[in-house]
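Common to both upcoming complexes is chain A, partnered first by chain B, then by chain C.
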Partner chain A sequence: MHFVDQIAESNPKNYQVWHHKRWLAEKIGPDAANSEHDFTRKILAMDAKNYHAWSHRQWVLQALGGWESELQYCNQLLEEDVFNNSAWNQRYLVVTRSPILGGLAAMRDSEVDYTVEAIMVNPQNESPWRYLRGLYKDDNNLLVADNRISDACLKVLNKDWTCVFALSFLLDLLRMGLQPSDELKGTIEAMENSDPETGHADIAVAVCSILQKCDPLRINYWSWYQTTLSS
Partner chain B sequence: MVRLSLRSSRPHGDRAPSRGTQPSGGPPASAAPMDSSSQSPPAGGDPSEDGAAAELPRLTVTQVEQMKVEARVADIYRVLFDAAPNAKSVMLELWRDQHVEYLTKGLRHLAPSFHVLDANRPWLCYWMVHGLAVLDETLDDDLENDIVDFLSRCQDKHGGYGGGPGQLPHLATSYAAVNTLVTIGSERALSSIKRDNLYKFMLLMKDKSGAFRMHDGGEIDVRACYTAISVASLVNILDDELAKGVGNYIASCQTYEGGIAGEPSAEAHGGYTFCGLAAMVLLNEVEKLDLPSLIGWVAFRQGVECGFQGRTNKLVDGCYSFWQGAAIALAQKLMAGSDEQSKQSQPSKLSSVDDSCGTSSSGLASEKSSIVDYAKIGFDFMKQSNQIGPLFHNIALQQYILLCAQVPEGGLRDKPGKNRDHYHSCYCLSGLSVSQYSAMTGSVSCPLPQHMLGPYSNLLEQIHPLYNVVLEKYEEAYEFFSSE
Partner chain C sequence: MGEQGELAAEKHVRYIVTAEKKKDSFESLVMEHLRASGAYWGLTTLDLLHKLHAVDAAEVVDWIMSCYHPESGGFGGNVGHDPHVLYTLSAVQVLCLFDRLDVLDADKIADYITGLQNEDGSFSGDIWGEVDTRFSYISICTLSLLHRLHKINVEKAVEYIVSCKNLDGGFGAMPGGESHAGQIFCCVGALAITGSLHHIDRDLLGWWLCERQCRDGGLNGRPEKLADVCYSWWVLSSLIIIDRVHWIDKEKLAKFILNCQDKENGGISDRPDNAVDIYHTYFGVAGLSLMEYPGVKPIDPAYALPLDVVNRIFLTKQQ
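After this line comes the complex of A and B, so read on.
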């Protein structure tokens, strides 16, 4: 394994050498967990997004263990670069699959707080927005009911009404049945000068047309999205 | 022309220091006894924030790299925007002759440094042959024959193609070899494929999970699934034995972000998203994916540079013009129009369920049968027209490819500052083609000038987005293999 590690280190994007490591580690068993984690940590220190390294690290966790310090490792990487989407993805794995953390339901609350804070500091960082959505995967009702989420969108929009991620998240919430607060309606009206008597379905359409203006690169996408709103 | 706000390399007055400080307040109480997870999330520098901060912003690696690329791209686009109309149209030309020369020369001779690709020679063939076909160039008969002969020598006697003569058969090189032979398209090329052996090889590569290994004892991932299914469909050997379980595996690789990863739990990635989606279409199991979520993810991979990135918060790269562009073009074809009866955007499931006999691999004649004619899925896919327009900004993508990916000496590249290579040439051109044909809806039979950036002479050959071979060549191969 030491021999292979040297080759992997100088060829960190080669499929075959990583697969060989996996094959070897499987043979060695749980004893290999620590050194495999050390090794991937080393590779990730050079390139924090190396896809092979992350895949290998995930495989080691699931096959050989070593979950104890993984969330802390994610914290560290996000501390260094909060835009590192691979680290957010790893965080998702840990939060949902770690045998020592209790699962998504148990972790969701603190994770929402963590993620919302990250969003507030860098609203233009796409990763925590997607992560936040992921925390409520398959449970739209819970998502809509969590006031922290719509509050976060509102807060971001009050500082920057063109924030595409906030508008997009809001649009999804509205589509899932969010009843917009008066404050939210007011904010959107201020953006759009729309009629104050509109029902929520129209608010979704209003947000969609704001997006077509603020996010011109995705004008085709938002136009299509709008057609899926009318039902 | 697409003009978006890019950070330029000129100093900006509005790049005020951000509040790059840590959020105040103690860490929240941790829910997990063993894990000291209780830290507040960190603050990356936020250059767009106004504010009087005492400290300078600490920009993260991601931000720094992104800004560098944006600056280079902005410089290129500025030259274009400021240019006179005549100069503009020259700049937006596809330098066909140069690309043809680069690709053709490579087929005959590659420098010694290419030994690193010694296990990938069918890929080199495919990248060049397909690139030329997309440019509507035909090869000399001699060259074609030589390629067919070479690929035949890459064929393992027990089935499948390796990276070179005598090398172990591998699904990726099998994919590259078969796609090359289909692109050449001669009787000789197509009949050189030993289909029975190929089938046996694939069956051996099938894992009990339903997924495929790339080679004997090799890695399992979504790429292996796609290369197997694509080839099997193309040469008409795809059956229930090969197909079973693959769809469930691929579905398990769709992540919380909406894109598809190489393996379950890995990060959503453009290459695997294309592979996963294309395979699911060919298997007629798209309904197992969350398609709106996938579309939403891919749409957001197109950035201010106008090209596509492979993953969230990573850098633009010309090759994703195909991987992401084709993925979203596939999704576009699957979406019914708004005047259809489906209220939520339900993808239209292609029905190639054949109730006649003769297409089942078991050869049984059944009157009432639900045997799927897998090969026909690929064929029927292109028979239906787009009900909706493109879901990405097709003109912007063309802008990136033409202005940032083209190299004046011929060939295309990842991004400005990188060198050209045959892989990027192949996929940038494939992506350009996808983009040009993406706006054809309804009964329009060829791209209109408004669908294209630059002169109409930029128009490339249409590709089949499920296999990435020129559509015409695909159709000929379909005829050939369905009569075998």
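After this line comes the complex of A and C, so read on.
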């Protein structure tokens, strides 16, 4: 395995080498877990988004174990680079599949706090916004009811009303039934310089037209989205 | 469009034809283990630019067949290299270009691939057992081109692919794997070929895919990564298959691809001003094809072969 590690280190994007490591690790069994985790840690220290290393790390966790320090490892990587989508993906794997953390429902509360904090520090970061959605999986009602999330959108927009991720998230919340607070309505009106709106559907349409201006690359997507708001 | 925004088709053709001949160049050496795929990228590009006749068909067919392993039914990446599904698909695709599927023992190749399907429906790349949704696509695509898709357990294959679907609507290499545009193309392509696109939330995935477009007009493969010309294929073909390609700005993407050309020596690179290679040349031209760029033949988004080649395979009498 040491021999293969040397080759893998100098060829970290070679599929065959990673697979060979897996084949060897399978033969060694759970004893290989620690050294395999050390190895992927080393590779990820050079390139924190190396897809092969992440695939291998996930395989080792699920086949050989070593979950104990994985959440902390995600914390460390995100501290180094909060834009690392792979680390956010790994975090989701740990939170949902770790046999020692209690599952998504148990972890959700603290994870929402963690993610909202990350968003506040860097709102122009696609990953935590997606992660936030993932925390509420199929439960739109719970998502809409969590005030921390709509508050976060509002806070971000008050500082930067062109933040597409915040606008888009807000739009989804409105479509799921969020009743906008007066503060929220006020913020959106200020953006649009429009007359006071009444029903929330109009607010959603307002957000949609703002998005068409702020995110012109995806103007067709936002135009389409607007057509889904008519109900 | 000004001079800056033009496709230097002649230069690219010359680049590919020359590269094919220079067997001891640096690029050739680096590509040695995947020369069969290199052949597919280069030759498909030539065909898309209406220049397939620039190479000797018989010579190419002979060389491809010299990569064949009659005992197993698979193709290696080069002469003397072990068989793998990656190069088996590339070989079959090259033979499709030249309408020479007649030289193949289709049943034997089908057996090779069928033998690589695992119990959970996934596919291994070769006898050593690596599993990845890329191999699901490759197996399904190859068998479909050979009219032998029914030889695998299609239902289980689809089941496995669906198990790799993530909450963002995308797909990874294995269950739980990060959504990645390359893997998404493989899964979406495979689901398209097997008539199983109903498993995809088109609006959700379409949004994830259109979010790949960066300010410079290029496409990346995952959130917060740099744009790369190859994603002009992986993302674009996926969008076309799920009928959401109008959600990106095609003009800006075309400009990005054209900016990645080496207009002096030919070839296309991953991003502007980098070194060119056959791989990115193919994906750049294929991306332009999907956007109906003038002078480029249309390409099939699922089979990654010119549309007229695919029509010839499926609309004429089956073998």
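Going forward, the second predicted complex is superposed on the first by the 230 of 231 C-alpha atoms of A that agree within 3 Å, B and C clash if a C-alpha of one lies under 4 Å from a C-alpha of the other, contacts with A are read in each partner's own complex, and residues count from 1 in each chain.
Definition applied: contacts are C-beta pairs under 8 Å (C-beta built on N, C-alpha and C of every residue); 3 or more make two chains touch, one makes a residue touch a chain.
Everything numeric here is computed off the predicted structure, so don't read it as measured data.
After superposition onto chain A, partners chain B and chain C are found to clash with each other. By the touch criterion stated above, A:101 is placed in contact with chain B alone, chain C being left untouched. Look at A:63: by the touch rule set out above, it reaches neither chain B nor chain C. Looking at the superposed arrangement, the partner reaching more residues of chain A, out of chain B and chain C, is B.
In the superposition on chain A, contact of A:214 is made with neither chain B nor chain C. Of the two partner chains placed around the shared chain by superposition, chain B is the only one that A:230 touches, whereas chain C remains out of contact.
Of the two partner chains placed by the overlay, neither chain B nor chain C lies in contact with A:24. With both structures placed on the common chain, the touch criterion links A:84 to chain B and to chain C. Of the two partner chains, neither chain B nor chain C is touched by A:4. Overlaying the two complexes on chain A leaves one chain B stretch of 39-47, 75-83 or 471-479 clashing with chain C, which is 471-479.
On chain A, the patch touched by chain B and the patch touched by chain C overlap at residues 15, 19, 22-23, 49, 51, 54-55, 58-59, 62, 83-86, 89, 92-93, 97, 125-127, 130, 133-134, 137, 216-221, 224.
In the complex of the two chains, the chain A residues touching chain B come out as 15, 18-19, 22-23, 48-49, 51, 54-55, 58-59, 62, 68-69, 71-72, 75, 78-86, 89, 92-93, 97, 100-102, 106-107, 109-110, 113-115, 117-118, 120-122, 124-128, 130-131, 133-134, 137, 216-221, 223-224, 227-228, 230-231. Within the complex formed with chain A, the residues of chain B that make contact are 2, 4, 23, 28-32, 34-44, 46, 48, 60-63, 214, 217-219, 255-258, 262-263, 265-269, 292, 295-297, 299-300, 302-304, 306, 311-314, 335, 338, 343-345, 388-394, 396. Taken together, the chain A residues at the contact with chain C in this complex read 15-16, 19-20, 22-23, 49, 51, 54-55, 58-59, 62, 83-86, 89, 92-93, 97, 125-127, 130, 133-134, 137, 216-221, 224.
The touching residues of chain C, when paired with chain A in their complex, are 125, 128-130, 132, 167-168, 173-174, 176-180, 206-207, 210-211, 213, 215, 217, 222-225, 246-249, 252.
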